[in-house]
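Both of the next two complexes hold chain A, though its partner changes from chain B to chain C.
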Partner chain A sequence: MTVQAIRKATVGQNGVGAFLLQCKRLDFHYCDWAGSSRGMNSFLRHTLAKFAAANPQVEMTVSPRPRRHPVIIGHYINGREKAICVRNLQKEQILEKAELLRDASGEKQKRVTKPVRSINESVRGVWSPYHGGGIHV
Partner chain B sequence: MLSRTIRKSILDTRISPSALPPTFLLPYRARYFNNTAQHVEPPTDGFNASQVAPTSSENAQPAESTSSATSPITAPTSASSTATLSPSVKELLPLLAAQPSHYISAHIHGRPYLVTAGDIVRLPFRMPGVVPGDVLRLNRASSLGSRDYTLKGAPYLDERIFECRARVMGTESEPMRFKEKTKRRNRKVNVVKSKHKFTILRISELKINDLESIES
Partner chain C sequence: MRRVIRIDRSVDLLRLRAVPTKPSPYLCASCIQQATSFSTSSSRPEDKKITIHERLRRKIWGTDQPPGQENPYVNAGVYDQNNRAQDEELAENEGQQKKLVTMADLDPSYVPATNWDGLERVGGFGHWWKQNWDPEHQFEGFLPREIATDGNAITVSLHRAMVEVFALREAGIPLSEVSKTISTWDPTTFVQITPAVTGARLQFLGNSSLNEVVQSLTPATGETDETAVKENPSESEEDVAADRSTVDPLHPQSSEEVDETAEKGDPSESEADVAADRSTVDPLHRDKLQTQKSADVKSASALDISESWDPAWFEVSIEEPEVKFAVLKRTMQLTGIRIPDPVIRSSNTAEALLRHLITPPKPTKLAEALKQRPDLVELPNVSIFGRRQTPVDKERKLGRWKVIEEELKKRGLPYHNHLDVAGEGRWL
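So, the complex of A and B:
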């Protein structure tokens, strides 16, 4: 007799019952001296507090990264991370990039042609010619 | 009809604010600070009377949010809110509801999506004014069925029959597309780049209402 694992009755799907945002952390890196960080510094000064307050489920960290361009790095639940360089951008553009990272799922970008993805079994089953009424010729 | 609306609004106020989690946990708060124009209607009492999920900001489907969400009486949705069900539907709808799994072909912006509960739908556009975690109620559908029964709408189903809700999961993108444009007898090749964004929904709930709640 072979050992069998306990079969799961259901599979957890995010969003069916509870919803977890996939983005768990956003890192903002800036440089005090360089001009490409000017927009980033003003974003950190004026917008980030409100953005963080509006998204309490995301951890936000700010750290200096001297002599480098400013970067936003998003860390996701699936273990991947996504980085966007925001050099020479205004603070409104940086906010758009931060929202992009917040809304992303963390998966690698794929070309998808079918709109619906499902793990459920077919509701109506497979058609069979041997069942049902049939047509008498 | 009017008495139904009034009763639903009374029922709605009965949900005390203490039953809801604190406001900073509600997901749709993220939308407010960005100061962009909102296309999504706030939930009105005529619509979300059945709202029980505490963390859901429920909105009508954007295809008809402006018209039907504000005034459900004068909504142009196929005379569904006042008409009574036909006897064959009354007879067979409990049988359909009793079968284990269901599908629905819900319409968003005129396009049908044949879904079951738990499916992921990638819309062919980026929906403005939504943030991840929002709950949309899909109230247009052209067919609803189980293994042995199918209820078809002409062209759409009565929206009191079912409750279909979708959760906004986020926005996804695609790899950059490159299209080379050439003209004859010309060395220049123009490369056009495009990259689109798509809103991802997950069908969180698909429920068939029983006849008493439809008729009342």
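So, the complex of A and C:
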């Protein structure tokens, strides 16, 4: 007797039952000296506390990266990571980038051509001759 | 009509002024003039050997023996001349070397040294540093080396400075005397200072007195009257006094050593430091915890002292320039904290000055500034690192670094990261 896997009754869809944020960690890197980090340093001083308090499920680390441009790196539960260079950006723009990384799924960018995407082949299902009202001739 | 005199051109210097003795019958006068002006040939036989450059130089200098090189275009250049001179020197040296005698010729027992043991040392500074910078002749600046950081100790120092300044004023002594010396004990602990119309009013509690405060500010002098410092000594008197006094002018405090041997009830911070410096115990081998404990005790005692004062002393005005200058100078001398000009200008009360003194300087690093933010540090999902996070840090966080380190050790490979190699001295 071969071992058989339990047949999957349902397909997990994030957000149908529960929603798990895909972003698990955000790394904020800055430089103390470089001018391109001015906005990042301002963000860390003034905005990070509020942003981190609003997103307690995301771990946030702040560490210097001397002589480099500032960067935000997002780590996702699918094992991938995304990095955005935020050189010469203002703190409001950096907040937008941080929110973008927080909301991202971690998947590679794909071209979306259809307005609706679903794992079902059709919302109406497969046609059956035994169902429905039938047609009286 | 006036005739315009023709200015001679430089080439005309070479022109033969002498008109040919035999004018050609078939040339007109103008043609002869024209022809002679472009003629560079000399009619004089002695000029035939002299070149055109030489003649030009002679004309310029106005003498037959002009200085400098005869013809820069004919003779050898500076480079060639140098080479020639070097060759000549070399040849001379070679001749001399042949004549040189070696040490072996002079002394058959001579053996050349193979190492530097026993050889005379030439060059360097000799014993200059030892003679001038040995521990007994340390430079003593106006500000103490150790800068006070404890807020309570700074408060006590400022209070002391203010009491001393106003005590001098009450005694009618010039305020410049305030920083002459630092007494080993603080006589201002039991002195209350409160604002008044005239500036400040001093209340001496317990055993303290105005005389004691003033005495503590007077530098100790010799026993004889000759060395006693007069109020306004003339220049010659000063010289005589300096010659006769036993006090070292560079180290006036050394005369206080006699008094320092006596036990004082409550030693001040500076006294404790002096005692610590002179103690035979190596400060490096002291227990760190004990040092910390003693610092805490000091701070606590300073807090007790400062709490015993009437808080009205914070409002004492130091607006008067002379008082302000004396207070600042004394405070700097007691605490070692430098006070910038904007603070000097803006602080007109003791409180304003104290606010600057006890305010820690702004952190230079962003990580330090963030670590001081309670709203950020208290968040459980935020971690702040003071230095760059290396791959080693990441491995350590995952708990893999121990395994990796063991394997690297086993293989004889370097197992600390590049920061250690660069001399940071930090093991990761």
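In the analysis below, the second predicted complex is superposed on the first by the 117 of 137 C-alpha atoms of A that agree within 3 Å, B and C clash if a C-alpha of one lies under 4 Å from a C-alpha of the other, contacts with A are read in each partner's own complex, and residues count from 1 in each chain.
In this section, a contact is a pair of C-beta atoms (placed from the backbone, for glycine too) under 8 Å apart; a residue touches a chain by one contact, two chains touch by 3 or more.
Fair warning: this is a prediction, and the values are worked out from it, not measured in the lab.
Give one word, clash or fit, describing how chain B and chain C relate on chain A after superposing.
On the superposed model, which is not a single observed complex, chain B and chain C fit side by side.
Just to be sure I read the superposition right, which of the two partners does A:19 touch: chain B = first, chain C = second, or both, or neither?
So A:19 only meets chain B here.
Looking at the overlay, does A:109 come into contact with chain B only (first), chain C only (second), both, or neither?
first
With the two structures laid over each other on chain A, which partner does A:53 touch: chain B (first), chain C (second), both, or neither?
both
Under the stated touch criterion, which partner chain does A:65 make contact with: chain B (first), chain C (second), both, or neither?
Touch status of A:65: second partner only.
With both structures superposed, pick whichever of chain B and chain C touches the larger number of chain A residues.
After superposing on chain A, more of chain A is contacted by B.
Based on the superposed arrangement, let me know which partner A:97 touches: chain B (first), chain C (second), both, or neither?
Neither partner.
Please work out whether A:30 is in contact with chain B alone, chain C alone, both, or neither, and reply first, second, both or neither.
In the superposition, A:30 contacts chain C only.
Given the touch rule stated above, what does A:38 touch, chain B (first), chain C (second), both, or neither?
neither
Please give the nearest C-alpha separation between chain B and chain C in the three-chain superposition, to the whole Å.
Shortest inter-chain C-alpha distance (chain B to chain C): 12 Å.
I'd like to check the shared interface: which positions of chain A are touched by both chain B and chain C across the two complexes?
Common to the two interfaces on chain A: residues 53, 55-57.
In the complex of these two chains, what residues of chain C are touching chain A?
That would be residues 364-367, 369-370, 373, 375-376, 379-389 of chain C.
Which bits of chain A are touching chain C when the two form their complex?
Touching chain C from chain A are residues 30, 32, 41, 44-45, 48-49, 52-53, 55-66.
Mind pulling up the chain A residues that touch chain B in the complex?
13-17, 19, 21-22, 50-51, 53-57, 95, 99-100, 102-105, 107, 109-112, 115-121, 123-125
Under the stated contact criterion, what part of chain B meets chain A in this complex?
Residues of chain B touching chain A: 24-25, 27, 29-34, 55, 101-103, 113-124, 131-133, 145-147, 167, 169-175, 198, 200, 202, 204.
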